[in-house]
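Okay, got some structures for you below.
Both complexes below contain subunit A, partnered by subunit B and then by subunit C.
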Partner chain A sequence: MVKTSSRWTNLAFQLLAIILALGFTSLVMVLAKADPLEAYRNIVMGSVGSLNKFSDVLVAWVPLLLATSGLLVTYTAGLWNIGVEGQITLGAIFTTWALRVLQDSALSPALIILIGFISGALGGMLWASVVAFLKIYGGVNEIFGGLGMNFVATALTIWLIFGPWKRPGIGSMSGTEPFKEALWLPTFPGLRISPWSVVVGIVGIVVIYLLLQGTYFGLKLKAVGRNRRAAFLLGIPTTQYMWMAFLLCGLFAGLAGAVQVLGVYHRLIPSISSGYGFLGMLVAMLINYQPTWAAPVALFFAALNIGSIQLPIVMKLDSTLSGVLQGALVLSVLLMDGVRQRLMQRR
Partner chain B sequence: MNVELINIHKWFGPVHANDGITLKIPSGVIQGLLGENGAGKSTLMKILSGFYQADEGEIHLDGKPVKIESPADAIRHGVGMLHQDPLDFPPMRVVDNLLIGHQGGLFPNRAEAIRAMQDLQARFGFNIDPYAYVDSLTVGERQQLEIMRLLWLGARVLILDEPTTGISANQKEKLFATLRALAEQGMTVIFVSHKLEEVEELCHRVAVLRQGKLVGETTPPYRTEELVKMMFGKVVLPEDKTHFSSSDPLLRLENLSIEDYRLQIQNVTLTLHRGEVIGLAGMEGSGQRQFLQACAGIIRPVAGEIYLGEKRLTGRPYREFLEAGITYVPAARLEEGLIPGLTLTEHFVLAEPQNGLVVNRQKAAALTAQRIADFSIKGMPASTVESLSGGNQQRALLAMLRQPLNVLLLEHPTRGLDIESAIWIWGKLKERCRQGTGIIFTSADLEEILHYSDRILVFFGGKVSQPIEATKTSVEELGQLIGGKGF
Partner chain C sequence: MDTTLIIGIAGILASAGPIVFAAIGETIIERAGVINLSVNGAILLTAMAGFAVGVSTGSVLLGMLAGALIGALVALIVAFASITLKQSQVAVGFVLALLCRDLAYFLGNPYMGLSGPRLPHLPIPGLADIPVLGTIFFQHDLMTYMSFVLIVLAYVYIFRTRPGLMLQGIGERPAAAYVRGANVNLLRYVYTVIGGALIGLAGPMYSLSVKAGWKGTISGLDGIGWIALALTIFGGWNPLRAALGAYFFAFLQWLGLVLQPSLPNIPSQVLQVAPFPLMILTLLLVNIGNAEWVDRTLAGLPERTRHALARVLRAMRTSPPAALGMPFEKE
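Moving on to the complex of A and B:
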């Protein structure tokens, strides 16, 4: 009885949060002398207005969902893996590397693509393991370690693009030389989305869901995240679990980077992670770190990203407006949750 | 300060924790507040100290109605509360803990804080290094620190929630003397406890709560039976002494030496037998905790040997101790024993040996229902542990212990529990002994140690006495040993 009533109040507060976020974003637009309703209409049309548009949303959805999936693991272990951006980038670098090495070999393209995915996963894990090592043995907070490694990853990308992997002639911000089409993930005819990346994304979140919701691994990871000392006294090897959390998140981030290279850009570009790591953190916060809602919320965020691409063209508004809405949404949901808890406590 | 609580009501969901309580406490009085766990004592005091707001009712201080919105508000009104679990800042130094919450100036005046602290320490006979980190202090020392902080902040009403649970008999005497002195100076002292003896010894008047209601008030001379009857609604009988000690050696310590930066324990040789209970007496922080943790494999001894039967465990990792059936149950329930945020079910699943990769929900539900029934835990399978009362948390902690166990190392197993719960818990522990488990436990309650132990070790500043037969000693003798006589 108590439970259902609190569920309804929860829902009411979440609705209030959405209204608050929309209100704030509208206010920003009014200040920028733009018509909010027109902007929202453009975002909706730009994301689900046609099959092409919706397939573009899925293109953004897959890496975002992979990053979110990985982050759910580190969040569960009580770790703020802000280094996920760098881990995506390293995934992309490793995938590009593998493809560059193998592209002229006699291996079948399918096998090369598979090796590309595996290399990406390894790259993400490598970058995550640096953060894990600093955290576990050096006492460096994972937020600072991750932040540092993000900068290194960005610098590494730029160096590769303008140095060893530069295009014949002159390096440019447009990235490395594109791979031949045989090494692209096959897409649906006429669309930009590959069924294979959708499969990777869905399998990823399902694995994470099962892992966190049903297994001993998930439960122990949660115990480590909530009270490391008590978990240790209960006999859970806490160091190992922290390692596994970092490596698993790195693996998923690396896969996101691999998808960006194999399925989207077909080369290494300077901002290959496209901010999906940070956006994934927002998604994870919005779903209160529970995997159940990861896929739909990530889809919604991807739709906002793609939909707002319309804005500069049609309304001369910057497309970062979607970021304003996403940020406002997360903050207002967190705020409303805090307000709800305060009110409950008083009562 | 005169304190008046008028018709206080407080609900937590369906639970009516305080049901129309009216209590007047004149200044200069030590007011006892008795009641078993969950009777509503802590809730009432948290309302007075601003942690909760009453749903109905008024608080008057010196005749004026006041609204106390927060603990900071309370201390501005001169009401300070010492909580059952210390509320301090473990990673910070003692002196900085004192300065937190202190008004005045841009720059904290450490010298002044230390001077004030030395004065207070001298008055109480406490001995805490102002530059020590709080997480290196024992629970008892942290309570002492909190008392000093409240006094320094200008508390004129001092609420102590079960303050004697962490400290030794000696420190208790000093505390009581100070409380009496404070009352003489016009301070109002509210002493929340479930220990009849202490309340009878210290308090000028006693109010008894049961199930959220004020069931009676009395003044000396107290009649113990009457108080017990008010607390429980019936008379509680102490159970008989039972002993299951055998001559079958279980845990053997040979010349064990343990060091940490504060104290050294040297050359302890001891054999714990199957079914035996060994009680560790001593002031808080005399090395009992380190000793238990060394037996549990959590800290490594610097010298000596640990055997379980014929198996040598010296220097082995903690997990091997666990696998050998040696379990340590810490005193800080929510900090070290349980995992806030996780449910009872999740705790019981974690405590069982892993079976496959996937958690079997049906088995987990059955296991949880069984444990909740066996250990009379007031809580649902999906209740998070932090939502349980202290007594139920302790029951949950004991319900998590595996079956069978060889050695059980308990730190303050009944701290903060009422008599009924304590007797019940010892019933469960003795049941383990009957099955052959050996128990080593610490307690600040000498009566408890005498009553349940077969043998007793007394700790004093890291020195350990020879084992003493419980039947051949007394509270008085133990009290002297704890104070360092005979070492």
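Moving on to the complex of A and C:
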């Protein structure tokens, strides 16, 4: 009985949080002299208004879900892997690199794409291992190590696009020369989404779900995240577990970068990560770091991103409105959770 | 001395001003035991808001004031969520960093590319005419002078006054400070809000002076807040060292601009981020003394080398306030 009542209060507070976030975002729009209802309607129509739009949502969903999946591992280990953005970027760089080397070889396109995925995963792991190394052996907090590596990754991308990998003639912000179509992930006819990337995304979150909820590894990782010292005293090799968490997250982030190159842009562009790393951190916070709701919440966030793309054209509003709504949502959920706990304590 | 060099130094001092404000603001907050990760978003939001208020009212002072108020408000949310609601400070700060950034870009859209007021130059009569030193120190705007004053003021306050001692106390040993009669949580609120107001001044210092105007995502301000956070650590929670870090960072950015023409093969964006890896390296240097394996390695070395190395490490090393990020509960 007590359980169910606390479950209902939980739900009530979460609903309240959503109302608070919508209220705040509406207020912001009123400040910008825009009609909130029209904006929300545009976002809904722009994301699920047609099969085409919804397939675009899925295009954003896959890398976001992959980033979230990886982050769930580092969060479980009690690590703030802010470097996930750079890890996605390095994944994209490594995938592009592999494709550039192999595109004129005799290998079959399917094999080249597979190698592209693997190199992407390696790139993400490489960047994550720098952060892990700085954290574990240098005492540099992973937040600052990660942020620094994000900036380095961006610089590396821009240098490659304007330097060694520039288009014939002159380099430009539009990115490197697109790959030939044989090396694109095959899509559903007439749509931009590839069944293969959807498969990668779903397999990814299922693997993470099973790993965290159903294995000893997941259990021990939780112990490391809750209390590193106690876990160490209980005989868990905490250093190794932290390494594993960083490398796994890097692997998933790298795959997200590979999907961006192979299935979305077909080349390297300056903002190849599309901010999915930071957005994935928000998704993970919103689902309280539990994998169960990762897929639907990531889908909702992807829908907000895609739905707001046309706001600048239709309503002359900046498309960062989706970011405002996403941030407000996570913040009010955190605040409401705190309020709920406080009220419970009083009772 | 060469005039371009003198003007260069003066420029570095001015362009480091906002970073000095942000890093010292964060230093004060963290000294009180609270981590405020929202700095990057707060700087962008206050830069936009300060500029918008400046454009609408024509008053730079109102623009600065708006920045300070919004900065204080953002910090207040961090304080409320972490002190009163006991939520993760890192989580709330990070969300605010993203939310404020997107708010800045969304609300700042109509102000993009407008021309607005600028902080006037205020050469100090008499002092400004001193050769070399006059140009370097005494031909700035009001806020740059304030940044010089702030460094000294914050240093003296934290290390040389009784309330400053209490500030250190609530971040190091809140229980002991509580026994001494300090209202730990109230003081943490106060210092977080004060620090937030200082961070909030950094934004308009950019948009009304150092990088006048608002250009949305290409304003070049995204990332500065993270640097300010890193400088807080690099500075060992000491305003003097944090300020030195800010000047070093501004120097590196200036160097990037100066070297640009002689390195035509490197895109300007690459040189602009050059300070970031250097920042990681310095963080590594100041933190490495805290790592366990260093102690173990040192123990195995011959005595004389060990002593010398240990001294070097100790000189570089910084460690955070002991209760940083931990909520305080009486009982």
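List of remarks:
Convention: the second predicted complex is superposed on the first by the 347 of 347 C-alpha atoms of A that agree within 3 Å, B and C clash if a C-alpha of one lies under 4 Å from a C-alpha of the other, contacts with A are read in each partner's own complex, and residues count from 1 in each chain.
In the analysis below, contacts are C-beta pairs under 8 Å (C-beta built on N, C-alpha and C of every residue); 3 or more make two chains touch, one makes a residue touch a chain.
As the structure is a prediction and not an experimental result, all values here were calculated from the model.
Partners subunit B and subunit C, brought together by superposition on subunit A, clash. When the two structures are aligned on the shared chain, A:P186 is found in touch with neither subunit B nor subunit C. Applying the stated contact rule after C-alpha superposition, one finds that A:G235 touches subunit B and leaves subunit C untouched. Looking at the shared chain after the overlay, A:L31 reaches subunit C, while subunit B stays out of its contact range. In the superposition on chain A, A:K222 makes contact with subunit B only, not with subunit C. Counting residues of subunit A touched by each partner, subunit B versus subunit C, the larger count belongs to C.
In the superposition on chain A, contact of A:P109 is made with neither subunit B nor subunit C.
The touching residues of subunit B, counted against subunit A in their complex, run 13-14, 53, 55, 298, 318-319, 322, 328, 330, 335-342, 346, 349-351, 354, 356-359, 361, 400.
Residues of subunit A touching subunit C in their complex: 28, 31-32, 80, 82, 134, 137-141, 143-145, 147-149, 151-152, 154-155, 158-159, 162-163, 171, 278, 281-282, 285, 317-318, 320-321, 323-324, 326-328, 330-331, 334-335, 337-339, 341-342. Put simply, subunit C touches subunit A in their complex at residues 37, 77, 80-81, 84-88, 90-92, 94-96, 98-99, 101-103, 105-107, 109-110, 216, 223, 226, 229-230, 233, 265-267, 269-270, 272-274, 276-277, 279-280, 283-284, 287-291, 293.
Of all residues in subunit A, those touching subunit B in their complex are 2, 214-217, 219-220, 222-223, 226-227, 229-237, 346-347.
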